[in-house]
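Below: a set of structures, written as structure tokens.
Each of the next two complexes has subunit A plus one other chain: subunit B in the first, subunit C in the second.
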Partner chain A sequence: MPEIKVTPLGAGQDVGRSCILVSIAGKNVMLDCGMHMGYNDDRRFPDFSYITQNGRLTDFLDCVIISHFHLDHCGALPYFSEMVGYDGPIYMTHPTKAICPILLEDYRKITVDKKGETNFFTSQMIKDCMKKVVAVHLHQTVQVDEELEIKAYYAGHVLGAAMFQIKVGCESVVYTGDYNMTPDRHLGAAWIDKCRPDLLISESTYATTIRDSKRCRERDFLKKVHETVERGGKVLIPVFALGRAQELCILLETFWERMNLKAPIYFSTGLTEKANHYYKLFITWTNQKIRKTFVQRNMFEFKHIKAFDRAFADNPGPMVVFATPGMLHAGQSLQIFRKWAGNEKNMVIMPGYCVQGTVGHKILSGQRKLEMEGRQILEVKMQVEYMSFSAHADAKGIMQLIRQAEPRNVLLVHGEAKKMEFLKQKIEQEFHVSCFMPANGETTTILTNPCIPVDISLGLLKRETAIGPVPDAKKPKLMHGTLLMKDNSFRLVSPEQALKELGLAEHQLRFTCRVHIQDPRKEHETVLRVYNHLKG
Partner chain B sequence: FFQYCLSGHPTLPCNVLKFKSTTIMLDCGLDMTSTLNFLPLPLVQSPRLSKLPGWILKDGSTFLDKELKECSGHVFVDSVPEFCLPETELLDLSTVDVILISNYHCMMALPYITEYTGFTGTVYATEPTVQIGRLLMEELVNSIERVPKAQSASMWKNKEVQRLLPAPLKDAVEVSMWRKCYTMPEVNAALSKIQLVGYSQKIELFGAVQVTPLSSGYALGSSNWIIQSHYEKVSYVSGSSLLTTHPQPMDQASLKNSDVLILTGLTQIPTANPDGMVGEFCSNLAMTVRNGGNVLVPCYPSGVIYDLLECLYQYIDSAGLSNVPFYFISPVANSSLEFSQIFAEWLCHNKQTKVYLPEPPFPHAELIQTNKLKHYPSIHGDFSNDFKQPCVVFTGHPSLRFGDVVHFMELWGKSSLNTVIFTEPDFSYLDALAPYQPLAMKCVYCPIDTRLNFIQVSKLLKEVQPLHVVCPEQYTQPPPTQSHRTDLMIDCQPPAMSYRRAEVLTLPYKRRYEKIEIMPDLADSLVPLEIKPGISLATVSAVLHTKDNKHVLQLPPKPPQPPASKKRKRVSDDVPECKSLKPLLSGSIPVDQFVQTLEKHGFSDVKVEDTAKGHIVLLQEAETLIQLEEDSTHIICDNDEPLRVKLRDLVLKFLQKF
Partner chain C sequence: YRDLHTFELQAPTRLIEWARGNRVCVAGYGQSDGNEILQLIPPPTLLTKETQGLCPERDFKVECGGFSERPVYSLKYVPDTSLLVTSGPPDSSLQVWQVSAEDTDVIKSVSTISTEDGTGQSWAKIATISARAPWVLHGSRLDRVQITEVESRKNVYTAASRGSEELSNLTFLDCNTLLLCCVTGRLWLADIRQPQSLVEDMSVPSVPCSEQWCMGTRHAAQGLEPSSQPVVRLSSRGLLTLTDLRKTSELLALAKARVPSPGSGAEFLCVSWAPALEGYLAISGFDGTVHVYDTQSWDSFGREAEPIFVHKGHAFGGAGGSGDPPLVTAHTWHLQKPRTLLSASSDGSLHVWDWVQPCGKC
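Coming up: the complex of A and B.
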């Protein structure tokens, strides 16, 4: 029986370093190649020795697919391709291809220049790695080789995020990457057609959450920011440079405009300008409303939001600062956090998920005394707020996607084991399909049942569909033909044609019986009766 | 397989293909050359145009002098300009299932088709095609609607009257079918029927046909189309280019192995080299401006203008033109410039790389930022305040019959310092200029048409090797004005099939196979037998399911269990109609082995006689006679069913069933 095998090298019952190996009909595909933000040692990258112990990556893998530009989905790519060694094709969408190298370079700088690590990938390696990237359009069918094809679907989540269908013959797998089933202020909702894959590999970050309406969350967010600013406090919003940041900027910009507020809003330096520029140039990837109005008013040109300077952090008076990175694990957001944490007037709003081990995760789990570098203890007096703005599908959204795609099996990754367990049961109950949740390094095997495509001669097909007094499409018909198998071609033809093609003559088999009939009637009447009987 | 040809214009095609059970319209181009027969629509009252004398017949009758005006020996219709639509009578257009659009120039007739024919299908086009197509339509509607004309001439269209008119009016075809411009609500309704597609996206039509757009290299989002089933492939090539301008390069490889290749939209100026023309354009522009004159460039609001602006961007500083203002005037100028910057994925490699930096792909962003290029929705408003001469003006429409260009022709026509440079190849420049004669202004003709020329076509055809080529008749003979140039026609083997307007072609191929899927459990039950080395066969008896044009073979259901009770159960619908199967037989029966087998099964008195064609086997006790021949067996026996069945089974042992 043909089978599909799935082995997560990362993101198996975990969030971080997404990397999933899929073997389908003799093809091996790697989905995402991310890093883990909670680790600084070997565990930050997926364990590629799983593959390399048996040979070279390039020989094993037919292609690599990157779903979007977040580092937990592409952060290990230069290490994988340039240091471990992979020369095959890497597929991603255009915006991902544009933004991915910038985030990688940023990541490299923090790791090498600030933390002083050696044996990390170099700028040149990022460039060489990106040369192996092939950009794909949405819905384009990319023929990786004669048998393997892939197709990207819109995933929302961040600019350029995509879900991918991987297909060989009539077997197929859909990998969602990270996705969002509700449109937000700058992106549209994920969409897929009823493609009925053998397996759907879905993220499950918010497996147990059903979020209240977006409007409520937005109102809540604005109220909290407004109140803090009104009483003269400072608001820190740790974000990643691309994605949520733009959505929240649009939100605050329109609010400031409407309320005529004067407190300054800053965006931490670095990517801001550039990031907004990417949104302007890839506006076709944003939501309908922004696309429609961009000629008159480009939503990514902000009036109230200005570039942040490190010195501003000590300015008196209220302000709002968006600072990177989003989990308070390094960089500018952490610096500002240390400065402001001691004042109870201030507030930090975490708008997204935080990985275990990060400062963000610690304060969200209620820790108020943090041990910083050099054994220093930082006491957190500022208010800590969590607001789920990260654009992942919630439980409802995941179920909705399953309903859309109608998979035969579901496999969950990119989530916490406990929550997955809950969702797994829900999926199995509601859709009556098997649901899997392998841990890293654990292989799940799914049996498939592909049908066999055959060429049928048009003559035979027409004859068979035309038989019967009234052709009734709903009523099944028994048909009879001969399947000719030659080399790798299968053809179904009428028996007559099969004989002819094989150069064989038909063998006639006839019977003649003597039948005695006792009938008092006249001879020709008897004949007529027999004839009528046979005819009937 | 039929092709209905609704347009005679080779670069503005409109064909309908009947392919398997689907009806597919390929493009719906609008022939606007008809407008050349009309007087220009001036934005500002033009004394010159309003004083043109009415046209008087040779016999002195003046009944047409309100409708027809004479200018420098040419006669023009004084009415709202009208367009020549694709043929609407050749087939019932409400039966069209889908319309495939190849580029934004080839969709201008869309509102006439989708809004007036009962069309209920879907239109497929790429996103840039739709966005820029919308801009072209908006500009067209706007430039005609803002100059309301009281008069709508129709008398001249009368067949008896038209006969009396001078050329070219006399020879204009199908004038009764000419229509006024559509309106914006109609445009919006038409565009709402479009479904966006991306290159290499496979779109299933009713499960029977798959269509796929491919990059054609001619314009932003321009595409060729593959229309295929599992066994037949038609390539539709329309408006393609191999030159490196701004769009993504043409995808040639995917056109291979076509049964039929429909070829339209070749260059309209096969003798002009686009690169040379751009050079001439720049030098003429510079010369005029240096001499203190103005330059007028009649153009469409999208397309070649992006390339011209890019050339000028590189050229103006070296030519000392940095202080000359460039104006781009169109109701959609701003939109066109903005839209051009957001289609990174549809651009050539160089421009894509710029977006990755991130920088705008087209340098006109910088021209606008540095105030060298200014754009206005029309000559009214801001423009009249900013207007400085000498200057360069890009504006439409290239036919010179409507749009802001009419104003500049009237304004600058009288001075020989000024130059009008024609770059768009769709209209004869002499015809376009006719209603402005006499004209002092210099006229330069630099047509830039990047579409395939005949050398490129023959290379392409050699490369992709279609079995048959179908093209407009114009491509199968040299241009009428250059009848000696046999190199300016399509040369291929077998010769191309040509079509003309209102013709129906039968495409030369025949389907022989269809795809069917065998379910795995059925496949497992099959018993293949090797008949010849490398060839195996298996007889298949299965249930055929057909849904959405997809065929599936399933294992026949097991015969129903005999009902326990005597009540007859209703025959369920799932049980197929079982007609008794009579398999075909093949092979011959070796007489010696057959006799042995008979004896083994209890026939002790077997006698064999030789005949001319084979043998006769006699079973005396059973009073049975079996004639064995090479390809037939005849059993003559008494009315004894068990005996008959026994003999049948013994005979079948030696034969192969089909």
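Coming up: the complex of A and C.
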């Protein structure tokens, strides 16, 4: 029976790094190549030795697909392609291709420069790796080779995140990466058509959560900012150039307008340039609202938000500043942080995950005395808050996606086995499909029932429809023909045509059978009766 | 508000029950099967005493869940066991479930406690206690009240029959005393050591009987007489009565809540005492709001009472315009945090809110 084999090399049943190997109809695809952010040694990389003990990866894998730029999905890519060795194509969406190298380089800097790691990829490796990348558009069918094709679908979650459909012949797998089914201020919701894949691979990290509403999170965020500003403090919000920054800006601008607040809000210029640049490139990836406002005015022409100048950091009085980079590990945001850290009236709000080793990570873990360059100790008296607007699908979202795509089987990654039993039952009961939850390194085999398309000759069709009543579209109809298999094509033709094509003569086989009939009547009478029976 | 968190459940619930370890349980009551029973872990902000502002974990987590074929109208945990009991239409039988969060996160159906059913029985109201053994008190009508041992399903006690009125609530006041409330508002006390004893409390105000009533009781602190805590009854027209069970001939207090009339029926009427605030109670079930009252200023004249706080969140939540406005189906107080409540409504929303005591004026 044809089958699809899935082996998670990371994810499976732990959250941390995603790297899934899929074997479909003889093709091998690697989905994501993430780094585990919690480990400092080789455990952070997926276990590639599983793929092939000997033999080159490039020969074994047909392609690598990266779903989005988060490091737990692409962090190990340069290591994989340059240090382990892979020269085949790497597919990702355009925004992912643009943003990945920046994040990878940032990450490399932190790990190597700050922490002094040696077994790590270099800047050149990142560049070489990105040269192997082929960027794809949404809903564009890309032929990897004659048989394998892939297609990207919008996934929400972050800019450029995509769900991928991998198709070989009539077997297909859909990999979701991280996705979100509810739109937020700057991204739309994930969407897929009723593609009916044999298998849907979905993340289930947040499957067991019931999320607090966005309004409440936003309200709490605004409250904190407002309180700090009211008492004369300064608020620092370190952000990455794109995505959440826009959302928070829009949020603050509206709030400032409504409450008639006077404290200045600044956006560091490096940010504005980069962000504007990216937005122009990827405007189609954001949601309707953003697109409309972008058309009407420049993204960053806010009434209350102005461009930042380094000197402003020393100005007295309250203010709010958005600055990069997002983890406080270098650059402008770190500079501002150092200036403001000593005052307890000030506040820093971290908007997302921070990698180990960064100042952001340290202060979030509660450290209040930091060692800076030159052995200087910085005492952190300012308030440290954490707020995550990151969007993942919850149980409701997963059910929605399954309903949209109508897969025949579902495979869950990124969750703990014990805690996914309920979700597994839920999916199986509601959709009557099998649900799998493999562990790292465990291979799940899914049997598929592929349809093999067969061309039927017109003559045969005509003949069959002429016999008997018009066939019911919904009921299978039995018919007779000859199946000709040549190379990879299948044709159904009438026996006469088959004979002609094959240059064979028709053989006629006559069966005779001796039957004894006991009948008292005369011989020719009995024969007549039998004959009349048969005729009638 | 000091704090407000809103959540959306996949299916609306009409019960919110607290379980060991600060867990919260909700369950679906839809007509089709596939109703889910969910045991949730509240976000850390709700578990600590102080309210934190921004916190990484702000979501409820589904700790375990089960599937029920019938709608779940009532659910009670059996103390000191890993079992819970549910009831719901179409009949008055009970379903017993096992919650074992160790090796699996599925709440499994274990057994059914069936009752002899007359036709047209409505669903059973339930209460549990584990004083002598795990018991469940249940019944849909006054003449069908019994106590069953949960594990063995043996009947331990049957209350004397005093009529066939439908019950709205029942509870254990202590391990020997039962309190039953009928939809007509009549209260009955029983001592299970004396099989035929069922004493009616006479203090129902004489009002037209078209109303339906429900009651709320408060668990006394250790050592206090359970019957020293007043019992509150709420009618579908908004009347609230306070009764001291030791002096059942007269009402302690009577007040009228300002509720929309005509009421939307008594299906989701709910009244409860605050466990950590003396004299405060909350009511819901009339519309999309939850009212909080301070009963200490009440007298027996039946005047209109001013709520200390009204939670209107559910009324604003719902899908704009389509269908009926959301109706609050259940509410409950947080067991430790004095001013925190949880409320659920018919549109599937679940709110957790912490109100601020208005200062000064009253």
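In this section, the second predicted complex is superposed on the first by the 337 of 536 C-alpha atoms of A that agree within 3 Å, B and C clash if a C-alpha of one lies under 4 Å from a C-alpha of the other, contacts with A are read in each partner's own complex, and residues count from 1 in each chain.
As a convention for this text, contacts are C-beta pairs under 8 Å (C-beta built on N, C-alpha and C of every residue); 3 or more make two chains touch, one makes a residue touch a chain.
Since this is a predicted model, take the numbers as computed values, not measurements.
Student: Is A:141 contacted by the first partner subunit B, the second partner subunit C, both or neither?
Tutor: Only subunit B; A:141 stays clear of subunit C.
Student: Contact-wise, after the overlay, does A:370 reach subunit B, subunit C, both or neither (first, second, both, neither)?
Tutor: Neither partner.
Student: Would you check which partner chain A:478 touches, where first means subunit B only, second means subunit C only, and both and neither mean what they say?
Tutor: first
Student: So in the superposed three-chain picture, is A:112 touching just subunit B, just subunit C, both, or none of them (first/second/both/neither)?
Tutor: A:112 contacts neither subunit B nor subunit C.
Student: State whether subunit B or subunit C is in contact with more residues of subunit A in the superposed arrangement.
Tutor: Between subunit B and subunit C, the winner on subunit A residue contacts is B.
Student: Could you say whether A:84 touches subunit B, subunit C, both of them, or neither, answering first, second, both or neither?
Tutor: In the superposition, A:84 contacts neither subunit B nor subunit C.
Student: Contact-wise, after the overlay, does A:496 reach subunit B, subunit C, both or neither (first, second, both, neither)?
Tutor: first
Student: Which holds for A:94: it touches subunit B only (first), subunit C only (second), both, or neither?
Tutor: first
Student: Would you tell me the residues on subunit A in contact with subunit B in one complex that are also in contact with subunit C in the other?
Tutor: none
Student: Could you please specify the touching residues of subunit A with respect to subunit C in the complex?
Tutor: Of all residues in subunit A, those touching subunit C are 206, 208-213, 215-217, 219-221, 223-224, 349, 385-388, 395-396, 399, 418-422, 425-426, 429-430.
Student: How about subunit A: which of its residues touch subunit B in the complex?
Tutor: Result: residues 94, 97-98, 101, 135, 137-142, 170, 274, 277-278, 280-284, 294-295, 449-459, 461, 464-465, 467-468, 473-487, 491-492, 495-496, 498-499, 502, 504-516 of subunit A touch subunit B.
Student: Tell me, which parts of subunit C touch subunit A in their complex?
Tutor: So the residues of subunit C in touch with subunit A come to 4-10, 34, 36, 40, 43, 53-56, 58-67, 103-106, 350.
Student: In the complex, go through subunit B and note every residue touching subunit A.
Tutor: Residue positions touching the partner: 127, 197-202, 212, 230-231, 334-335, 338-339, 341-345, 352, 355-356, 358, 360-361, 511-520, 523, 526, 528, 531-532, 534-547, 551-554, 556, 573-574, 576-579, 581, 583-588, 630-639, 644, 648, 651-652, 655-656, 658.
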